[in-house]
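Got a structure for you, written out below as structure tokens; questions coming shortly.
Chain lettering (A, B, C, D and E) follows the sequence in which the chains are written, and residue indices restart at 1 in each chain.
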Amino acid sequence: MTGPKIIFFILAISIVVFSILSITSRKILRAAIYLLFVLVAMAGLYYMMNFPFLAAVQLILYAGGIVVLIIFSILLTSQINSKLEPPRRSHLLSGALTAIAGIALSAVTILQFAFKPSSKPAIGTDMRTIGLQLMGTGENGYALPFEVISILLLAALVGSIFIALKNRT
Amino acid sequence: MNLQAEIPLDYMIILSILVFFIGLMGVLIRRNLITMLMGVELMLNAVNINFTAFNHYLFPHRLEGHFFALIVMAIAAAEAAVAIALIINIYRQFATVSVDDVDELKF
Amino acid sequence: MDYAYTLIILLLPLVTFLGLGLLSKRLPVALAGIIGTANLFIIAALSCATAFTYFTQEAGEAGFEAIEAYKITWLPLTDKLIIHLGILLDPLSVMMLVVITLVSAMVHLYSIGYMKGEKGYTRYFAFLSLFTFSMLGLVVATNIFQMYIFWELVGVSSYLLIGFYYQKPSAVAASKKAFIVTRFADLGFLVGILILSFNTGTFEFQTLTSLQGPVIGQASTAAFMGLSVTTWALLLIFMGGAGKSAMFPLHIWLPDAMEGPTPVSALIHAATMVVAGVYLVARLFPAYALSAPDALTVIMYVGSFTSLFAAVIACTQLDIKRVLAFSTLSQIGYMMVALGVSGYGGEAGLGYMASLFHLFTHAFFKALLFLGAGSVIHAVHSNLMTEMGGLRKSMPVTHLTFLVACLTIAGIPPLSGFFSKDEILVAAFEHNKLIFAVQWLVAGITAFYMFRLYFRIFWNQTPAYHHAPHESPVVMTVPLMFLAIASVVAGFVPFHDLVTSDNKPFETAFHWSIAGPSIAIAVIGILTAAWLYARPSLRPDAISKSLSGVYTAAYNKFYIDEIYLFITKSIIFQFISRPVAWFDRHIVDGTMNFIGNSTVAGSAAIKRMQSGHVQLYIWYFASGVLVLALLILYLN
Amino acid sequence: MNPLLFLILIPVLTVAGIALVKDLKQVRVISAVGMGAQLLFSFYLVYLFYSLRNAGNTDAMLLVSTSTWYEAFNIQYKFGIDGISLSMIVLTSLVTFAGVFASWQVDFLTKEFFISLIILASGVFGFFISLDLFTMFLFYEVAVIPMYLLIGIWGSGPKEYSAMKLTLMLMAGSALLLVGLLGIYFNSSPEGGRLTFDLTEIAKVSIPRDAQLFFFPFTFIGFGVLGALFPFHTWSPDGHASAPTAVSMLHAGVLMKLGGYGAFRVAMYLLPEGAHAMAWIFIILTTISVVYGAFGAIWQKDLKYINAYSSVSHCGLVLFALLMMNETATTGAILQMISHGLMTALFFALIGMIYGRTHTRMIDEMGGLMKVIPFLSVVYVIAGLASLGLPGLSGFVAEMTIFVGSFQNSDTFHRIATIVACSSIVITAVYILRVVGILLLGPIKNEHYNELKDAKWFEKVSTITLVISITAIGMAPFWLSALIREPLGDIIQHLIARL
Amino acid sequence: MTWTDVYILRNEVLLTLLVLYHLIVDLTEGKDNGRLVNGTLFGFGLVTAVGFYPVETTSLFGQMFLSDPLRNTLKLILNISTFIILLQSASWLRKPENQPKTGAFYMLIFSTLMGMSFMISAGNFLMLYLGLETATLPLTLLAAFDKKLRRSAEAGIKLLMSSAVSSAVLLMGLSLLYGSYGTLYFSEMASLTDAQALSVFGLVLFVAGFGFKLSLVPFHLWTADVYEGSPLPVTMYFSVVSKGAALFTLMLVLYNVFTLYPKSWTLAAYLLSVTTMVVGNLFALRQKNLKRFLAFSSITQAGFMMLGFVNNDNLGMTTVVYFMMIYSLSNLAVFGVLSMVFNATGKENIEDFNGFYLTNPRLSLIMLLALFSLAGIPPVAGFFGKFFLFTAAAAKGLYILVFIAVINATISLYYYLLVVKAMFINKSEAPVATLTSTWQEKLAFTICLVGIAAIGFVSGVYDYIASLI
């Protein structure tokens, strides 16, 4: 076992375990915290794969933003101490069956595929490259999605506020 | 760090699949809208593993997977915001966030 | 000779019918009878002129030649099979023209008196004209399809006239019965025509009966169930004739047809239409005789049985018109027998000649009998002989003419019936002794029941009438007298010179050996009748009691009607129609409704899918994706 | 401009005219004038047809005009007539004309009624002049769909159920038909040329045999549903029973003829090998139709049901004769279509008029009508006699032509079928006379029937038009027969040639 | 960026401007929204009109954004539909309780429309996904727009939850496609494509994601609930614009990107078509609520649209676009009548339309024609649309499929006739009072009717679409 391998396995196992805990825990706040652990571990994974920028965004946006949002909404809508109702057995059964079938089907399909790695030289993942591409309008430029998503976020946020606000009278 | 030598791509993919379907199962079995939302977030993250892994392992000459993951994160954030707004709206109307009770429209 | 004017004979009644029918509201009532009668006298005169011209022409080597006076193409069916409408003049049709127009003219004249004051007087004459037109069209038909057309038309005019008193349920039922029974027979006729025409490629009588033609000239090779196809065809055609001529077992409509006005019975159901079957067989006689002798044998047996059967029933009936109806059946049976025993050509064709001779004489005396009965009914307002008696004083003309008719039908010389019946017996004797014996016996029974009728009406005791019966008006008695004279003299027409199987004259000899016994049995019959019925007595009842089973059976016409009723009501209506209607509503329609209902049921069955639970929706989504993926990955 | 277009244009203008006026009387008058013009125009077409023929024009189709519509699918507006379609056009205009007068007294939503009625008629006209399968199908549906409203709004009894059933069954039929038409279209050019919907063009090519076998039943049953082919006829009794008078007239008189016409023009003409291979199945079915319909009619008590079953029987005879595939039988089939169209329209008109007076259609409840309403009764008898095939009226001509024609097929199977079909003439007589006996003759059953009034002038116009047509055909069938027969020689040759 | 680029991006840019305008207006607008509504109608009318100016085939942002006449026409169709919806929603917005929502409503509508526009023009799956989300997320908010109504809130959350899962599935599919091809650019993928299990799997997930938007069975279950719960203008938007955009995008992707192995997606279209038609019909049969009814009707119609996909030729594409156009106009006409009745009376059940013809003959006739068009009855345009779709399927020899489809068309006729029956045949004690329509509604109906009446008869429309492809 080499270092990266050990790190990967720690991350992978914690991702899987905390995922399962997050969807089974009967304390809702705990579920949120487990989710946070998953997201942080994911960030580690990105970092391992040499995407530091992505890892940072993951930490800021997900761990910092979304989980906080979720926790706020929990606070707004539920009693923190009350236990969640356990899942219905029928749901549990059908859900598990679907999940297992899905895992089997996807795993078989994906793992038997002979991936063809690109032979072209790798491009750096430093901030400069990322920044240039993010703002680029030509080949490999992501300015357009960047702009569009800003509109999306704007509309979604304003709309959310509109919906979540109590009625203006 | 030469990840390819250490950890095969398949590991990443299996991890992604596991998380994806755990997330799906979360959506399917949880009876609270907020916890269902957590399941969705897990699914999105699983896809992100895929994108980054493919990008890193197979096609490092461009950053498509990377940027895709970035966009997915942003959208996940927007989605979460919208979801929270709607859940609050539901809570206001139904006084509950249990998905079982939100079934007035049917058949 | 130019016979173009014969078209007038055919068309005048049609015009009269249309005129009277369309203008019935606008025309003064009395005028209708006058127009109708006048028109009939015109065509009767024309017919007689035609007959005179035709028969006085020089008969060539081949006998009287058939002339197609008129012929138009009506409807081409195939290249060969073309329906023509035309007028065919040969001895047979010319003779029929005379009979029909004369009797019809008398009946018209008589009807002026008989129908006076009836509702629907105009309608009556319109229908009579329609009938005359149809009947004339039938006899002058140049081809078998034209005959079928007019055959149907006489059927419908008969239907209309039987149902003339349409508010009377029995009349309605009788008319319906008459039409349907004959229609059923016509089905056979039609199929026969189809077979015959397909095999010969022609409808034309001239070709069908030609000695070199496809029927006779080329022996049919195809056979079906032991008989040649031609025989089958001709048998089926005879079925049509048997229906119209009320041969057993298709006779049941005729007695009921007496529901119509009596002159109608005289014209249609005694003198003209009912002999159409005889006419049909006679028309195709060469084909029958030379190509399908088996069919002739069938005709003979059917005719013979019917004549006996009807005569027995006639002895028991109380309704005077029914007695006459059964008598008609019996007499037509004679004619059929005569055709059945006949051969083709010369002496061998005696039966043919006798049959038509009897047709000729029978038309007059049977019309006379009916009109006489009508006169009586007119006076007494009843059809039942039990409510009659002693009318000879109050109705002298009717009495005398009726007596003449009775004697004629009984076969007392020198009245016409004697001659014609005698020829039949001779022909039968030469062909088949059993048949002869039966016909001889029937002659006696005929004399008996006719005089039973005669004595019960005109002798016997006089019941208490509501109104004193009196003689009918002149318009009614003149036809009676005319027909009486005709009955007397008709026997002297030299028929063997005129109407024969091969249209060539031949000599007939008079056979005392046969005439003697037949006169004898007729006399015995008359005397028996006189002994039983001339004075009021208990003897008839005693006899009928001693024969109770047979008598009741005969009185009820041997329950043939009931059998028919059973077949129609219980089998066709209850066992076919009703199940068909049920099947249609419940099975066929039910299937369609079931499809509809099961769609709705399917809709209800899957309604749970849309349960309102979003998690279930997502589950459907996820499993749907997986299933679709599986299907596509593994079907691809 | 092609004169045939007037056949569509006149109804459209009439509809427009009706839509514009307000007054009830004007609506009637415009409808009557419009349909009268249509009738006259169709007579003019006959004249035109003959003058073209006499001028030496020997084309199979006359007055043809073609213009491209959907270039991509090779769909054209292609119109033209031959003797068969011409006679159907005359039939349609006669029945429509009579139908307008028969509905003179419609007082609920009159305007809408006449509009729907005339739209229906224009669909029928369009169908008969179409030479392009697409436009044919289009007009077919245009003709069928107004039925729903006509029955649903102005009908009686379980009208909603009947209307729905009729519409759905006919539409299911057109579903089959559509598959058949598409199959023909995609096989219309086996050598790889341009696909076409053009009837006359398709007739020139030889569609592969297996395609014919596959698509023939679709097409034939598709049209057969409208032609009341057993066992797809059950829309007919309910539909007719619920429909208002004029609608029953048009439907039984004209619309059902689309089935026979289409089955011949499209299914058999374009798929002759399929027709030959499968004829026996449909001969059995149509023979059953003929007898079954007649027996079914015997047991009915409702006048309209009787007539509906009678239509099943008579229309069965049409398809039966078509399947015999010879000139005579086919002539008979078309004569039968016309004859049945006229007399059944007459029947339904009379039933409507009687119902309008007695407010019942149950024969048991009526009786002795001859005495109180003699005109209608006499016409009813005439219609009945035509129906049972009395010589001198149209039914006889048609039936005899059919029987003689079918008997030309000399094998035992066809023979037996023919004889069974022949037997329907007896059964027909039974139910017709039964109705006449119960309904018109006998004593009057109901006291207040004595006060019934006989036919009004518009009712007379309606019935007399039809009676005259029926009698004219019955008396002088040779013209009509010649008109029909003229194109048939080639068509039958075409059917047989591919054997 | 040059002016040419802006011209190519005109639709998106203008829509963005509208979004921003309403964002500002929403914060500042006072009580009466009459001017706002009319102004927006005018402004958006201009945007729609601009779409009629032709464009060239070109691409921007390094193949990220594609522009060609076909895509322009598709956007135009969506814009016209949206314009009609806005016309018809005017009186709804003018209601006092809805006045405060006006700005937000327009903002959300335009942002989704912009998303759809990007989705159609996408040249890269990233853009496509982004467009899809932009078109979906604000829509979930719109579904919940009747804040006072429980059913509206329920509709919103149901849509959000199921669409989140569906977009996750779609994303999974995209990631697999990325893994198997190494690119997300359409132009590159089209040439690389070869059918392997992984790419087919990815494709299926992708199709499922779009099947969700298109309401194909079994991905359709959100449809009826959301249609019923949402405010009426939003329901219209769902059933016409949102569905249209998804349909066009799916079509463009399948035909342009997966050109080389059509077998898998035609098979998917075949299966989905059958299930969708059948299940949609079976549910539609039993509906009493007209909105719900129209939801299932639109599901069935989507099943018919799949027939066009079965034909993987230009014919299929043409007929799909053609049919969608007709479907939009017909459906909008039906919804227009429904919205007039609903705004006036608050009724939306089929039985509420009993006796409608006697009080509102014109509206009934509009509804009749529109329903006939949906049912595919000549001579209105729906007949042509359906006939050509069937032709497209039959062209591939799939007569059994055509037969199933035609039988389903017959069943659908049944329930369309139920509405017709309610209006024309059924009697009512208290029918809907006679309604008067505003100029906006009149204009909307006119556009719809002209379309329904003319599109079939004027073959030029079809030929024009065919010429684009």
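Keep this in mind: a residue touches a chain if its C-beta (ideal position, glycine included) is under 8 Å from a C-beta of that chain, and two chains touch if they have at least 3 such contacts.
Just so we're clear, the structure is a prediction, and the values are computed from it rather than from any experiment.
Considering the contact criterion stated above, the chains in touch with chain A and with chain B alike are C, E.
The minimum number of touch steps linking chain A to chain D comes to 2. Here the two chains linked by the largest count of contacting C-beta pairs are A-B. Taking each chain's centre as the mean of its CA atoms, A is the chain most distant from chain D.
Distance from each chain's C-alpha mean to the overall C-alpha mean is smallest for D. Among the other chains, the CA centroid farthest from that of chain C is the one of A.
Averaging Cα coordinates per chain places chain D and chain E 42 Å apart.
For the pair chain C and chain E, the distance between mean C-alpha positions equals 78 Å. Here the spacing of chain B and chain C, counted between their Cα centres, is 97 Å.
Averaging C-alpha coordinates per chain places the centre of chain B 27 Å away from that of chain E. Each of the following residues of chain B touches two or more other chains: 20, 23-24, 27-29, 36-37, 58-59, 62, 67, 71, 75, 78-79, 82, 85-87, 89, 92, 99, 102-107. Residue positions 607, 610, 612, 614-615, 618-619, 622-623, 629, 633 of chain C are each in touch with at least two other chains.
In chain A, the residues touching two or more other chains are 91, 94-95, 98, 102, 105-106, 109-110, 115-116, 118, 140, 142, 145, 149, 152, 156, 159-160, 163. Contact between chains, per the stated criterion, is found for A-B, A-C, A-E, B-C, B-E, C-D, C-E, D-E. Chain D contributes residues 165, 168-169, 230-231, 233-235, 237-238, 292, 295-296, 298-300, 309, 327-328, 368, 370-371, 385, 388-392, 396-397, 400-401, 403-405, 407-408, 410, 418-419, 422-423, 425-426, 429-430, 433-434, 437, 440-444, 477-478, 481, 485 to its touches with chain C in the complex.
Note for the complex: chain D touches chain E at residues 69-73, 75, 134, 137-139, 141-142, 145, 148-149, 152-153, 159-160, 163-164, 167-168, 171-172, 175-176, 178-179, 182-183, 185-186, 214, 218. Within the complex, the chain E residues that touch chain D are 315, 318, 372, 377-379, 383, 387-388, 390-391, 394-395, 397, 399, 402-403, 406-407, 409-410, 413-414, 417, 420-421, 424-425, 459, 462-463, 466. Looking at the complex, you find that chain A touches chain B at residues 2, 4-5, 8, 12, 15-16, 19-20, 22-23, 28, 31-32, 35, 38-39, 42, 45-46, 48-51, 53-54, 57-58, 61-62, 65-66, 69-70, 72-74, 76-78, 84-85, 87-88, 91-92, 94-96, 98-100, 102-103, 106-107, 110-111, 115-118, 120-123, 125, 129-130, 133-134, 140, 142, 145, 149, 152-153, 156-157, 159-161, 163-164, 166. Listed in rising order, the residues of chain E touching chain C in the complex are 157-158, 161-162, 165-166, 169, 195, 197, 200-201, 204-205, 207-208, 212, 217-219, 221-222, 224-225, 263-264, 267-268, 271-272, 279, 282-283, 285-286, 411.
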